[in-house]
Amino acid sequence: MTSPGSAVDSLSAAIKCNIIPNQEYLLQGSVLDQYVEVLLHRLRGLCDNVDSGPESFNDHELCFTLRGNTPNSSMVLPLRVRRALDVPDAPWQLRYVGQHELGDKNRPTAVRSSIDMACSSTIVEFLTELGCRVDFEYIARGYMFRKGRMKITVSKIFKMGSMASKPNESVEPISQSYLVELSVLAPSGQDAIAEDMRIFAEQLKPLVQLEKIDYKRLAHIQ
Amino acid sequence: MERDLDQLYTALNAIKVLRSNVGSVFETVSNGLRADHGEEGKENKFMLELQDVLTTVNNNLRDVETAAANLTPPPGPFNLGNTAYLSQETTQERQALYGQLVNSYKWTDKIREYSTLAGNILATNSFNKTYKTFSTTKRRKTQTSNHNVPPEVIENLITGIDRLFPDVTINATRPFVPNPVIQASLGRVLKAIIAFKGLMIEWVIVKAHSESSDLWTESRYKVFRKVTENCHAAMCHFYSPTMPDLAVRSFMHWFHSYNTLFSCSCKRCGNHLHSNLPPTWRDLRTLEPYHEECK
Amino acid sequence: MIDVLVTLGNTMQQARDEKQLESALDAIIQRVNDLKTSISSMIYKIENEYETLSWPTFLDNFALISGQLTSLSKLLSHDKCPTLRNLTVLPLLLSPERDDQLAQLTEGRVTTFAHDLVPDYLRTKLEPSAESKMLNLEHKAATLAYENAQKQVAAYQKVVSHVWDIVNKAREEWEVESSARGSTQQNSSVADTHLLVAAVGMGKGLKMVNNPNNQTNQGNSMIVGSQGPGRPSGPPGQSNLPPSTQPMTMNKAPSAIKTNIKSATQIHPYGR
Amino acid sequence: MGVTVVQNFPITENRTGPSTIELLTKRISALGAIQQGHFLVDCETYTSVPQLGNPRTVHILHNSEQPATVFSILETENKTIPLATDGLFDLLMIKMANFYTSKKQTKAESKGPRYEIGDFLVKLGTVTVSQNFKGVLVEVEYRPCVVPAMCWELMREFLQGFLGSTAQSAPPLYLQNRMQDIYSPIDTIHQYLEQFTIYRKAPGLRT
C-alpha cells in the first residue's frame, strides 16, 4: 500500500482530469398554479422516476454574500445554504453559484459555474462568523424529477413570514406560478448535454417555456 | 362383558371361515376343468364340486348371520378422537401414518425411560443448572411450555425487562409472529440483538451501535465478538425449562452488567487490558468483571 | 385487373380515338402497376420486418399508396380519358387448358382462362342473387304508400340531423380546445417567470428591507445584506458596524437556525 | 469511529526523528501490531484580509481516515466553529482567495505508518511544518467505544504500555470538556489542530 497523497494533490489531479462537476447548465421558466398538475403529469411520463412518483421537497434556502468593508464590487462572493425542512437529519447543502453566462444565440442553455457540496449543520454559524451576511432567504416547496443527468424541479417559492423562528408557518407565496428549472451539473466543456436539455425543454412546450434568462436585463425590469 | 367378547370372537371367526371358503369357490371357478376330473362326465363332476363348495359357503353365511345376531350393539358411538379422521383418507399408502405413530410412540416411551434415569442420576449428584432448587415433593406447578406461548406473554416479559433497567432500551421486531427479535441497547456501550423462540433465547449477537442490526454478521470488533461468545455461554447457563421467564430475566440481569465493559478493570489482575481486550467476562453469580484468562 | 386480353368492342371509333384510348390505358396500367408494387412491398414489410418497422415508415408507405390511389382516380376522371364505361370487354376464347402466358402475366394467380373463372374476373354487373335482391327491394319501394314513405323519410331525417348536431358540437369543442392549446400564454406568464427567477436568483422582493411590513425586520440581521450582488452602489456604511454590535445583531439572526443547529448536534452522526 | 487520543512523543537528545519512529515501530510490533497502510493528516491555515474587519482564522484539515471530507475550523476572537464538508470545499477556498489568504509557511502535516492491534488503531506520525521536521505525534484510537469517559482509563493503560513513562496521565485538553459526549471525527481534527498549533509556535524540535 502506498502512502496517501495529500488531499490538495488529489484535488488538483481531479481538476486536471476535468471530472469535477463545476458547471451548471440551466433553463428556467414558470407555470401558472392551475396548470401545475398538467405539467406534473407530463413530467411523470417523460422522466425516469416514473414508478416511485415525483420526489417532493420542502427546502429553506439562505443566500449569503461575503464582501469586504470597502465598497469594492469585484470582491463579492455569493454563497447559498439549503436545508430540507422535511428531513431534519439530512446534511445541509452549501453552494457557490457564479455569474450567469448566456453565451451567444446558438448556445441552448445558460451556464454558470457552481460548486456544490454537502456540509454539516454548523454551516450557518460558520458562514456568519466567516463574515458572510444573509442577503435574502426563501422557502421552496415542490417536486423533483430526474431524466438521465437532467434534474427538473417544479417549485413554489415562498417568502419568509414575520415569524422567522418558525419557518414552516406564516409563509406567503410570492406569485401565482410555480418556478420550473431544468438543470445539469457537469464538468466544464460538456456542451453536448445542453443540446439534450434543449430537446427536453422542447417537449414541455407549450405548457412551460423553458429558456435562458438574462439576469442583467432582469435587474432593470420592474 | 366377557360374554360379549366371546360372541365377538365367534362372529369374527365365522367371518374368517366364510372368507376362506368364498376364496376356495373362486379358486375352483378359476381353475376350471382339471385332469383329476377324468375323461367321462367331467363337466358333471365339476358342477358337483362347485355345488359342494357353494353349499359350504351358504352354511358359513348362515353361521355368520347367527353370530352377528347374537352380538349386542354398542350403546353409543365410539369416541375415536383424532383417529376418526383416518377414515376420511382411505388409501393406506398415502397415509403412511402407522409407521410414524409407532416410531413416535417408541420415542416418547424411550424419553420417558431415559429421563427418569437421568432425573435419578442428576438428583443424586445435586447439580442444578440454576441456583434454585425445586423440591420434587412439592406439588408440581402446571408445566409451562416455553417455545409455544401466546405473544402477549412474551410482550409482557419484554416490557418488564425494559422497565427493569433504565439504561437498556429495547426495540422489538417480529419477523415471525410469535418469535420476536429484540434489539437491546445498553447505554452507549453496545447493543445486542436477541432472537427469541417463544420464551427461550435462541440467539444473541453483540455489536457496536454503529454497526448494522442484522442477526447474522458478527461484529467487526474483537471485543464484541468475545462478548457475543460469552453471551452464548450465559444463554445456555441460564436456560431453565421450567421457569423460562426467569431464565430470560436473569440473562438480562447478567447482560446489564456489561455497561461497565470499558470502564471496569479486571477483578483478579487489576488491569484494564489483557491481550488488548478489556475484561469481557462477567461472573455469572457476582457479575464481577474478569478477563477471559483470569476468570 | 382488366389489363390483359381486352378486345375493344367498339370498332366504330376513329383511329384518333383509338390512339387516345391506347395511351390512356397505358397510363392506367402503369399507375395500377405502381400501386401493386407499393402494396406488395408494404405487405412484404409487414410480414418480414415487423420487428424493426417503425410507425413513421409505416405511415410513409401508407401515404404513398393513398397518393397513388388519388392519382389513379384523378386520371380516370380526367377529360382526356375516354369513357371506359362505354367500352365492353369480350372474352373470345375460353379454354380449360393451362395458359402459361396468362399465369406469367398474373404472377401465377390465374392459370387458366376457363368458363368458371371468367364470369368472376370480367364481371361488370352485380351477382345474380344480389341483383334479384335489389330488384325485390326496388319493387317494395315502388309499392310503398306515399304517406308511409314520407313518414319514414321524416324519421330518418330527424335521426340524421341529430347525429349531425352531435358531430358539429364535438367539432366545435375540439376546435376551441385546440385553439386554446395553441396559445401558450395561458399556461404560464412571462411576468411570473421573471418575478420568480429574479427572486430566486437575486432576491428581488425577498430582501427584508423591501418588506413593507416593517415589523418583520426585528430579529433579522439582513439590514447589512440588503445590497444585492449586482448593486455595488448600496450604502457602504451599513457594513461598517462596530465589531461590538455586529455579533449581537448576528446572534439575533434567524434564531430558527440556531435552535436547529443545537438539535442537529444532538443527533450524533455515528449514533445508534 | 472510536475514541482517539493524539499525543506528542518527545524526542530525546540522542535520537533523530526516523530513529524515534523506528523505536516506536519496534515496540508496537513487539506487542503484536500489524501494519495496515499509511496515514496523513494535513492542515492549512487561512487568515482574513484586513478589509473584512476583525481578524479570523480558518484552518482546513484533511484526514486520510475520512478521505472524502474536508474539515474546517473557524477561529474568531471568542468562538471556534467546526464544519465538515465534501472535498469540494477546497475549491471554494480558492474562490475565497480575495478574503482569506493562506500562509504557506504554516502548512503542517503528520504522516507515517498505521497499525492495527486488536481493536486499537495506532498511527505514528512524523510532523512537518512547511517541510521542516518538528516532532513525532502518536495517535491511538480505540474503535469499539464512542464515549471518552468510559474508556479513558483503558486507553491510558494502553498508552503507558506502549509509550512508557512519557504517556500522559490526563486526557488531552480538548477532550477534557467533552468526556461524556459521543466522539466524532471532528474531535480528532480538533486534537490535531491543538498539536499543530503548538508545533508551529515551537522554534525548533519539540521535545
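Chains: A, B, C and D, in written order; residue numbering restarts at 1 for each.
Definition applied: a residue touches a chain if its C-beta (ideal position, glycine included) is under 8 Å from a C-beta of that chain, and two chains touch if they have at least 3 such contacts.
Remember, it's a predicted structure, so these values are computed and weren't measured experimentally.
Each chain gets a centre from its C-alpha atoms; the one nearest the centre of all protein C-alpha atoms is A. By number of C-beta pairs in contact, chains A-C lead all other pairings. Note on chain placement: the centre of subunit A and the centre of subunit D lie 36 Å apart, centres being C-alpha means. The distance from the centre of subunit B to the centre of subunit C, with each centre set as the mean of the Cα atoms, comes to 73 Å.
If you average the Cα atoms of subunit A and of subunit B, the two centres end up 65 Å apart. Per-chain CA centroids place subunit B at a distance of 61 Å from subunit D. For subunit B, residues touching at least two other chains, in rising order: 209-210.
Within subunit C, residues 270-271 each touch two or more of the remaining chains.
Within subunit D, the positions touching two or more other chains are listed as 1, 53, 146, 182. Those residues of subunit A that touch subunit C in the complex are listed here as 28-32, 35, 38, 62-65, 67, 69-73, 76, 78, 83, 88-89, 100, 120-122, 124-125, 128, 133-138, 140, 157, 159-162, 164-167, 174-177, 179, 205-209, 213, 215-216, 218-219, 221-222. Those residues of subunit D lying in contact with subunit B across their complex are 1, 31-32, 117-120, 142-147, 149-151, 153-154, 157-158, 161, 182. Subunit D contributes residues 36-40, 42, 44, 48-49, 51-53, 56, 58, 62, 64, 67, 70, 72, 74, 76, 79, 81-92, 95-96, 98-99, 109, 111 to its touches with subunit A in the complex. Listing the residues of subunit C that touch subunit A in their complex gives 181-184, 186-190, 192-208, 213, 215-216, 219-222, 224-234, 236, 239-240, 250, 253-261, 263-265, 267.
Those residues of subunit B whose C-beta lies close enough to touch subunit D in the complex are 188-190, 208-210, 221-224, 262-263, 265, 271-273, 275-278.
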